[in-house]
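Here it is, the structure in full.
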């Protein structure tokens, strides 16, 4: 039985709200979507599962009119349609709840909500509509408030209202929970249930998290390498099956679960790989009273944290609670208003550029494109850029020494590159990340900070990163893992510090960390 | 296995035009480096072809303009040649113009490579000339030493003037492109004020003669002389200065720690900061260096026989603007600015001969503008077509705002 | 001692010098709110000034000339828009190149041709023109001046109240967000540049066939840059921008009136005032700035 036949057999009798047939899209030689078939029915939440790069986003962009398909047909209530622009998608009743970048901060809520409409502006009517929708779905919001003053959760509400106001027949949500607390996520899924059950709309939920898909959806489609590889009612399948389909091979949920967005079945016992005994009393990394204010908002307040040599401490929290700001401080990009950073008991003068690096702190920054690598410089140059002294004389950079160092590191860290002179831009994401890691570790740091080190990597690269982080820790380096992925933190760390609204709300050992306790801490409630 | 997978979702899997080389470890052959250097830019042959087409279109349009207004394109070309290259006198004048143009352009390369777009060279040239003149006329120092002091004072003044923009950016976030632009007009009025004010630099009254808005001529000792002895050709010292500057900057950018850091800063300021670069200091320094080169150009205009060796309001002669255009045409490569500056020098010195053919000398300005367009557009267009073909980035990459380089580098 | 007549004269000439700035500033203001920084406003004014005189001379109608000026402004806006918001060449570079090109071209053309002088007619409003001091300066004007009464509120309404303006502002602040919302960012910017071209063209044409009646080489003499300074001085608010224009127009009038008033002072301070004030405004009122966040930054989908 081919996948296609199987999909058809599983399709419920009611006419699908949206049906895709043989959708293909290539970017040059890269095939993003390969003859994708998908049917989304009214009254169901349809999960779209796949690794990063499996083609989920491209598929949705095609539905939204942001990208044009190369081949295939889109049927809307059984009539073929062409979606040439976002406006046409809206006209067809396809609405998207964007996670990032769809609200204009200096504009008010009502202005944002009507953005993308056509016709005359009627402020009164718009505000009424916002209030109306917000009441109907239980999403309280002030239509006159400026978006820049809203919290992440409130912005999510605005997004939902903006989308629901247009009365869409199909709602698409792309990784909606990455910036939300568990309570906010629950609110979101509540609204989605309501939308599906009482209003008979169709919802497409895109995610790479197995837990979310199994908990919230009615049907699930798995994409791999641009192809639909599996379709099923969610109730008739399980995490094991979905994981296998997503990755394309048998996986043991024990060791790889974290990479797939599931809690590890057995949390690693202390003393296992990577979580070497903590013996020294002096913390390798000691943060005391770090306070950072951005645009008048306190994003870090009085943050204390210790990491001992040889241990991995996971800093867990929902995106936007100060983790990235802490990363910025530890990268030397931002000066804290107050507080200190000590490395092996010695305070670091943060005013001096490069002082953290000199003191023995290596960092894999959250966004490698933004601050980790210089995309248009060569692999060799990227590998030596933090230790120019080693490869240069008083004034001149030695090309020979640069290449020597680069070749050694490339071999040691399995960096696959055509040549040392290749610009980093043309490397794969995993290799770019290895360039960053190699550079940071080559200086022999006492402390390694890894901020979202697996963002945007595929399972293979994620596993490699996990292995390397464990190795680093067992070599006696203190590792601070900043992550928004609970599973990742649970799998790697010996202790978990939870950050909420810029402060540490609690530190638990992995053994005593349960989803409930962490959930309380993430919500800002001391457990 | 995993590598193949990752390539699937890469933002721009292999930058086109640069073929991946077969095996790792076979890098660093000097031949390839040379080749990469000679390639006009990251574009490859398409960019080169598009540039050639662009230049031809620019020349065709200019010819059309001449023909439509009743002139003869051929005669105009001849006149341009007559005035710029036909004999040693013409060459002398071409080289006199090329020197300050080259200086300005080399400076423009430095700031552009650091990620800052300085468009205020015209003002920096003027400030350089102003302070050069002031020092030259006020200090009683003998001969060659005075010249050195004039040149130094001009570079310092031009650099300081540019550094003001950097300072305004640092303390108040004032956009550098805008502030360097506005500072041009302030510099113009400062010079006008100086040459209109008797206690500043206005020429001294001799008897009952009318006093013009200009300074006294600089003493002979402060003037740049010719270098070397040739029958009729004069190679002014300014040109030598400019050539040395271009080579020094080229080497510094390509080989030194300073150049490495500057390149890092220009390509990714956040990563540079992360790597311990003093971003503000280095960026400010680059802008100041760019201003210093422009200021030096001002001094060359003042002390070489290209003008009358007096400070006048019009002393900059749009050299600042043109020098920046030279850098644009050379795509911010210091060594490439040498031939481009020469070309612009040719256009300038040839322009004067156009009048004899009945074609207004302003033709030269039209040709220059069209040429700049012909050189600036192709790499952008080629890159855009490639991006369109290669498709957009992955969803992950789209979630992140790009670091915003102040001044929008090219 | 300065007489009342002198004040009236200066006021009158100040207003005349303000009008071209005000037209162009309305256009530049709108374009900058959309994030499109165009220094080619100088080229638009200069090109339009030349085009209006040439057309007026050819057709014998100053009004036709005015229309031609607007069309030339539109053309330059169109070219700039397509080069920098379709092909994505750095907008400052395009601005500089266009300014150089139009300056060269108009200088070239005016040297090889000669034009008859034409001027649009004057309208004087009964009764109001007899108000002492301000009557004559305000109410005896060439008729295009009264277009401002419509165009200023229209510009404000377009930016602050219309859907188009809402989208322009979104595009000027966060183009990526505007894009996913379904707004065509670069199209909006090109449209904004067209509006800017039309109004800057009107300003330039008014200068030529309205005030002067003829064209001379580099006629606008940097007025486009003054317009940019005015928008900066106005901190991206229309009212303050227009106040800036009036201030700068008046400073220019003062400069021209100095010899007539018998004052022997150097005029450089008056000439430099717009630029100095714009810089000072950026330095000292940075906090109140409504500078569009994406001002001058190119947009390409997926290039975040």
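Chains: A, B and C, in written order; residue numbering restarts at 1 for each.
Note that contacts are C-beta pairs under 8 Å (C-beta built on N, C-alpha and C of every residue); 3 or more make two chains touch, one makes a residue touch a chain.
Note that the coordinates shown come from a computational prediction; the quantities given were computed from them, not determined experimentally.
Asks: What pair of chains has the most C-beta pairs in contact?
Replies: A-B
Asks: Name the chain with the Cα centroid closest to the overall protein Cα centroid.
Replies: Answer by centroid distance: B.
Asks: Just curious, how far off is chain C from chain B if you go by their C-alpha centres, in Å?
Replies: 29
Asks: Using CA atom averages as chain centres, what separation in Å is found between chain A and chain C?
Replies: About 47 Å separates the centre of chain A from that of chain C.
Asks: Roughly how many whole angstrom separate the Cα centroids of chain A and chain B?
Replies: A distance of 44 Å separates the two centres.
Asks: Name the residues of chain C that each touch 2 or more other chains.
Replies: 176, 301, 304
Asks: Give me the residue numbers in chain B that touch at least two other chains, ranges are fine.
Replies: 392, 397-402
Asks: Among the residues of chain A, which are close enough to touch at least two other chains?
Replies: Within chain A, the residues that touch at least two other chains are 101.
Asks: Taking the complex as given, what residues does chain A use to touch chain B?
Replies: Chain A reaches chain B through residues 26-32, 52-53, 56-57, 67, 99-101, 174, 225-226, 331-333, 353-355, 357-358, 363, 365, 367, 369-377, 380-381, 385-386, 388, 392, 395-397, 399, 403, 407, 410, 416-423, 425-426, 428-431, 455-458, 460-461, 464.
Asks: In their shared complex, at which residues does chain B touch chain C?
Replies: Residue positions touching the partner: 65, 69-71, 117, 119, 168, 171-175, 177-179, 181-183, 185-186, 189-190, 192-193, 196-197, 321, 324-325, 328, 360, 362-366, 368-370, 372-373, 376-377, 380-381, 384, 387, 392-393, 397-402, 404, 408, 410.
Asks: Provide the residue numbers of chain C that touch chain B in the complex, in ascending order.
Replies: The touching residues are 39, 83, 87-93, 96-98, 100-101, 103-105, 107-109, 111-113, 176, 222, 225, 228-229, 232, 266, 268-269, 271-272, 274-276, 278-279, 282-283, 286, 295-298, 300-304.
Asks: What residues of chain A sit close enough to touch chain C in their complex?
Replies: 65-66, 85-87, 89-90, 96, 98, 101-107, 111, 114-121
Asks: Provide the residue numbers of chain C that touch chain A in the complex, in ascending order.
Replies: Against chain A, the touching part of chain C is residues 161-163, 166-167, 169-170, 173-174, 176-178, 180-184, 293, 301, 304.
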